[in-house]
Every structure is written in C-alpha cells, then in structure tokens.
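To keep things simple, chains are lettered A, B and C as they appear, and every chain counts its residues starting from 1.
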Amino acid sequence: MLELRLVQGSLLKKVLEAIKDLVNDANFDCSATGFSLQAMDSSHVALVALLLRSEGFEHYRCDRNLSMGMNLNNMAKMLRCAGNDDIITLKADDGSDTVTFMFESPTQDKISDFEMKLMDIDSEHLGIPEAEYHAIVRMPSAEFARICKDLSSIGDTVVISVTKEGVKFSTRGDIGAANIVCRQNTTVDKPEEATVIEMNEPVSLTFALRYMNSFTKATPLSNTVTISLSSELPVVVEYKIAEMGYVRFYLAPKIEEDEDDAKPE
Amino acid sequence: MLELRLVQGSLLKKVLEAIKDLVNDANFDCSATGFSLQAMDSSHVALVALLLRSEGFEHYRCDRNLSMGMNLNNMAKMLRCAGNDDIITLKADDGSDTVTFMFESPTQDKISDFEMKLMDIDSEHLGIPEAEYHAIVRMPSAEFARICKDLSSIGDTVVISVTKEGVKFSTRGDIGAANIVCRQNTTVDKPEEATVIEMNEPVSLTFALRYMNSFTKATPLSNTVTISLSSELPVVVEYKIAEMGYVRFYLAPKIEEDEDDAKPE
Amino acid sequence: MLELRLVQGSLLKKVLEAIKDLVNDANFDCSATGFSLQAMDSSHVALVALLLRSEGFEHYRCDRNLSMGMNLNNMAKMLRCAGNDDIITLKADDGSDTVTFMFESPTQDKISDFEMKLMDIDSEHLGIPEAEYHAIVRMPSAEFARICKDLSSIGDTVVISVTKEGVKFSTRGDIGAANIVCRQNTTVDKPEEATVIEMNEPVSLTFALRYMNSFTKATPLSNTVTISLSSELPVVVEYKIAEMGYVRFYLAPKIEEDEDDAKPE
C-alpha cells in the first residue's frame, strides 16, 4: 500500500505544470527513499528527472517499491482541481490499476478524491553519473526565464558562454542579433537574487531555445536555477524544491561548425 | 412611461453577464412591483427567472405594465459601456419601439445614453409554484463555481447528493472519477462562508455540468448560492441580489438507469 | 556617430507599442534637435508624428543628421526585451547598416545589446503647418480610450461635436445609437483629470473609430490627450511625452451627406 501525504500540496501542482508539456506519459517510482520520475521528452531529446524525498512528506508509507504509469496531462488536470493551500495525499492499493489523489482544504470543510487509471509504460531507467562540470551558474530563475523568452523573439538557439566575469546568452535571427550579459553578483541583499559563477574553465555551448523555454515552466518551483555546463555533457538545468528534492532537465548541446553563430541552418 | 433609476448600476451589468449566454432574446416585464424576466434557454432545457423589486430602485416609475423584448447580447454590449460606479436609468416612452439606457458617472461629468431597438418576442409565462424541497444547500457561490468548473475537466455530468453531514458532487469520465464533499459548516467567522444544509430526506440527482457552469456566471451577483433539490422537481440554483431580488436557474435532473454512474452515454 | 542614452527607457518601449500597429516601416530622423519620425499608416489614411527632443536624453550625440529606416515591428520586439526600469541607449556608427539598442538594468548587473538591420525606405517629409483650430479638447487619455472602445461595440464611426459646455461622442449602428457627453470640468483635484475645452466656434466632425482606437494605443504615454478639431483640417490627437516631446496622430474627417448620421453606408 502507498500513502503519501504532502502538506504543501501546491508543490505537486507546480511539478506537474513544470513537466507535463515536455513529457506525455511516464512512470512515477515510489520507494522508501522517495517519489521520483525519470523520463525522456516526447521527441527523445531532453531528459527530465524529478525527486521528492520521503522526508519532505508529512506521512510517507510505501510498503514495497512501486512504479506507476501515468498520463501527465490527465494528472495535471486532476491536480488543478486542488486548491493552492490544500493538503494532497496520493494513495494506491497494492496491485490496483488506479491511483487516488485526495485534496483536503485547510479548514477540512472540503474533501475531494480524484481517481485516475494507471497505464503500462515501457521505460528504462538511465543511470546518470555524477559529473564534473566546467562551469556552474546559479541565478534568479525568473531572470533566466525572461532571458530565454526574450531571445526566442529573435532566434531559435542560444549560445551560453561562461567566463569568470559573467554569463552571456546570445542569439541571432533574421531580424538581427542579441547578447545578454549577466555579471557575477554576490553582494545583493537577498541571496536568491545573486548570480554566482563557479568556473573551472571557460565554456561556450549552443542549445535549442524551444527546450530551454520548456524547462522554465518550472520557475514557480524555485527562486533560483542552477545551470551546469560542460563541453562533453548535456547541460543540467536544475530547480531545487525546498527541503524535498529537485526537478532537473538535461539537454545535449547542438554541435555547430561555428559555435559563435547561433543562427539555425 | 417607464423610468427606472438604479444607483448601483453594476448590478444590472452583472445580471446581463449572468444570463446573456443562456438566453438570446427575452421579454423584460415591468409592473408596479418590479422589473422581471422569465425565459427558457435557447435549447429549451433550463429556465431563468429574474426579479428586481421596485423598492430597490432610487426612482421607479412604471405607468402601466409593459413587456419589452430585448436581445440580451446587444443589451449586454450597451451595459458594458457603463462604468462600474455609474448610475443606470432605463427609460421607455409609451408605445415606443426603443428603450434608452442612461449612464451617469458618479461626478456627473460624463452622461451617456444608449438607445436600443425593441423586438417582438412570443413567450408564455410559466407559473412556477412554490414547492417543498427534499434538501436545500446554501454555500459560498465561488466554491460552487469552482466545483462545477473542476468537475468539468473530468466529466460531463454531476451527481449532487445531500446527506445531513454534507453535500457531495461526483463525476466520472474517460480519465477517471471525482468526488468532492463539502461538509456542513456553520461556525465560520463570516456568514457568507458557511455551508448550511436543510434536509428533509436524502437526495441524489444528476445534472448536465454544461448548464451548471452557465449558471455560475451569476457568481459576481452574490457571495452565496442556494441549491434546492427534490427528486420530482427541477433543481433551483438561486443567487440573491442584495435587497432587490434574485436570479434563479431551473434545470431538470437527468434520468439515468444507474444514478450513481455520472458517465455520459 | 550616434549615441542616445535615455534613462527612462520605458518611454521608448511605449512609443513603439503606440505606433507599431499603425506603421510598418519608417525612417527615424536624428538631428541636433532630437529624434523624430513622421510616417503615414500602411493604408495611407492617418499620419503619425513623433518627437523626442535632445534635451530629454541623458546623453545625446548626433554628429550629423541621420535617417534610419526601421521595421517598427522588429524594433518593438527588441524593445520588449528591455526591462521597464532599464536605461536604453541607441547607437549607430556612421555609414553602418545596423542600429544597436543597449539595455542596462538599474543595478548594472544585466547588460543587453540588440543589433537590428536598417532598411532603405523612400519617404517624403510633409510640412505640417501650425494651424488655428475651431476647438481644442483636453481630457484624460484613459477616458478617451474607453469612449472609443465603447462606441466601437455599437458603430464604425464617431461624430465628435464640441460646444462650450462639453464634447459629445456619438455613433449609430445596427443595434442602436449612442451619445456620450463629457462636460467641461476644470475644478478637479488632479489637473490630469480635468476636461478642458477651448472653443472658437462649434464643430462637429465624423471619424473612423478604427483609427481612433489605434491612436489610443498611445494612452500609456500620457495621462491626458489633446484633440484639436477644425472643419477644414485633419484632427490632431496628441499625447505629450513628459519633458521630451509628443506623439501626434492626424486623421482626415469623413465627409458625409448628413453629418449627424454616423452610420456607415
């Protein structure tokens, strides 16, 4: 039997809004350590990894490891019926082909249960090794989202270049070219407004803006985003979920003959 | 001659927004007692009844009973041109084929008059007898609107079941099933947040969510909604208009072989 | 070389939003006195004139007169990437076929530069003589925008009639007729809420609402709008830009056999 009670139910609502456009169907894996998901996006280009650790739940009962195949759009539809202050409990009986989401209003005057059919989904779990990155940028998540959106009005790809001084986002399109530089800045009043760069060596990589914009749907989950870059590895765009875990997006860089030229062929 | 001056003109704006999607053309009836309307929706399934009592108007002159046929969409277009704080005066000369809406801004610096052509509409006034209901639920109107909207993302019909403990709204669709229970709750700080159930006998009835969602367009008119249910009668969904009257919606329950199954055939 | 630094960059953003739907491509003219534009709308009915005086810029360097052809939609796309509090600097090298917009965030932590290709645009500069008008109406810009929008739901043209007492906006359409009268009102607390009428002789002129609604896209630029009317001249709808200049729209009145009848044929 599975019973996971999450007092801050809005977190689960935000997780689904963050990943449902990227992934159609996926297996949620429950074990003693937590509630997790790993899935490729529908065009098999990007990878999403979610972890909600068991300690973050008010009540976490998972008698045996369970993999539940869900349609994320349907799951998002149901979670949208939860109030932002509701407690959400996820329940499944052993061997059942359904999962139940229970929503309790803060006053306990309104109790909803939504039952959803589970699906059989073939999936293989990729081992993602811990890696060394050439550069790690931590910056306000809203700023990163704004930059990806702004550059999309000019071009299709973004070159992310990191130096000790800052991170530069560049694009080029039919109507012109754009460069946005965010300087390292650690002396702000609020730590979540800082832009912090850890760099072993300079790096400059090109990515499809379409995916970056998809990843920024996770912005409501966290005030900051961490972008880990290495020339031989997919970029990792990570949104931490307070005291519980993370949503991570992985995307391989585009290989281009002239990396300074972000213009799509 | 007819001259009705309504200081809180926004009420009339909200009334039109509440009913214009349900009813295309209708007769407004003016008499010494008030300004009223009774009309079937365009698919002849639901009935709308509006009453604005003469006492609620600052000035109410109606020399003889008058029935004025109006296109509600056109009337709504004109009323949308009134400011929310405007005083609205409705004027018609005897025998005229037009009605005039006059809007006065609170400072009297802006005076508008909108003249609309009247229509000849055949209609028969149904006598709606006062009836005994098995159960009457009074609840926050925004909560009821939210529930109808939420359930619409799962199914097409709603089963409303009342017991002494509370009222349950259920639906079922391709992606799963949902139950939302609102408990009786009379010990809230603000009376408009209470959920109050008067019950003579338990009742469980099925309705089309499409109509329920239409009715909730009246939500801005009142903080609370009253739902009166009886197994032999149409449900009445009533929004009181402060000190003036009401908008009431009537809808016959769906007869289904298995009433617990809200899934549409 | 051209370098124009505008601390209140949001002004330039608002200017582009005000005119980009009316004009596709236009030459911006830079001289020692300021940054200006004059262009017909794409259907050659209305004229737009913009002036931003050099004194309004923090830094204004214009070595020689320059005319830069720009696609206003593309320019608006780039300016939308500037934050509302950003400083905007416009730069062009002599003989270059590009212009660069630089955006600096208030904290200087984010610096963007957007480079746009210039175009060759044939245009002739019309001399607009200073003229005497029969009537000049100054009123709150939001009020004027609301009136144009409201009347558009009834008819296609507006008759603007000025008398000493006030200004009347009238229209007529299939569903009825509307008159909105704004009274002269100079005794308000805030001068920008006044409606002030300077009149030499009464005037009543008919205009296409489609264009008036386009002009009101400039509403965010100024709290007040000035409408100058004369029976032999195009109307001038002017939005002042604080301490810098203006955006002016010119539109010829419609000649109709019966000017009181605003109904389109």
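Worth a mention:
By definition in this document, a contact is a pair of C-beta atoms (placed from the backbone, for glycine too) under 8 Å apart; a residue touches a chain by one contact, two chains touch by 3 or more.
All figures in this text were calculated on a predicted structure; none of them were measured in a lab.
Hopping across touching chains, the smallest step count from chain A to chain C is 1.
For the copy pair chain A and chain B, the superposing rotation over Cα atoms measures out at 120 degrees to the nearest 5.
Two copies of one chain, chain B and chain C, form a contact in which under half of the residue numbers belong to both partners.
Separating the centre of chain B from that of chain C, both taken as means of CA atoms, is a distance of 44 Å.
Looking at chain B, one finds that none of its residues touch two or more other chains.
Those residues of chain C lying in contact with chain B across their complex are 143, 150-151, 153-154, 175-183, 185, 195.
Contacts from chain C toward chain A in the complex involve residues 71, 74, 77-78, 80-81, 98, 107-117.
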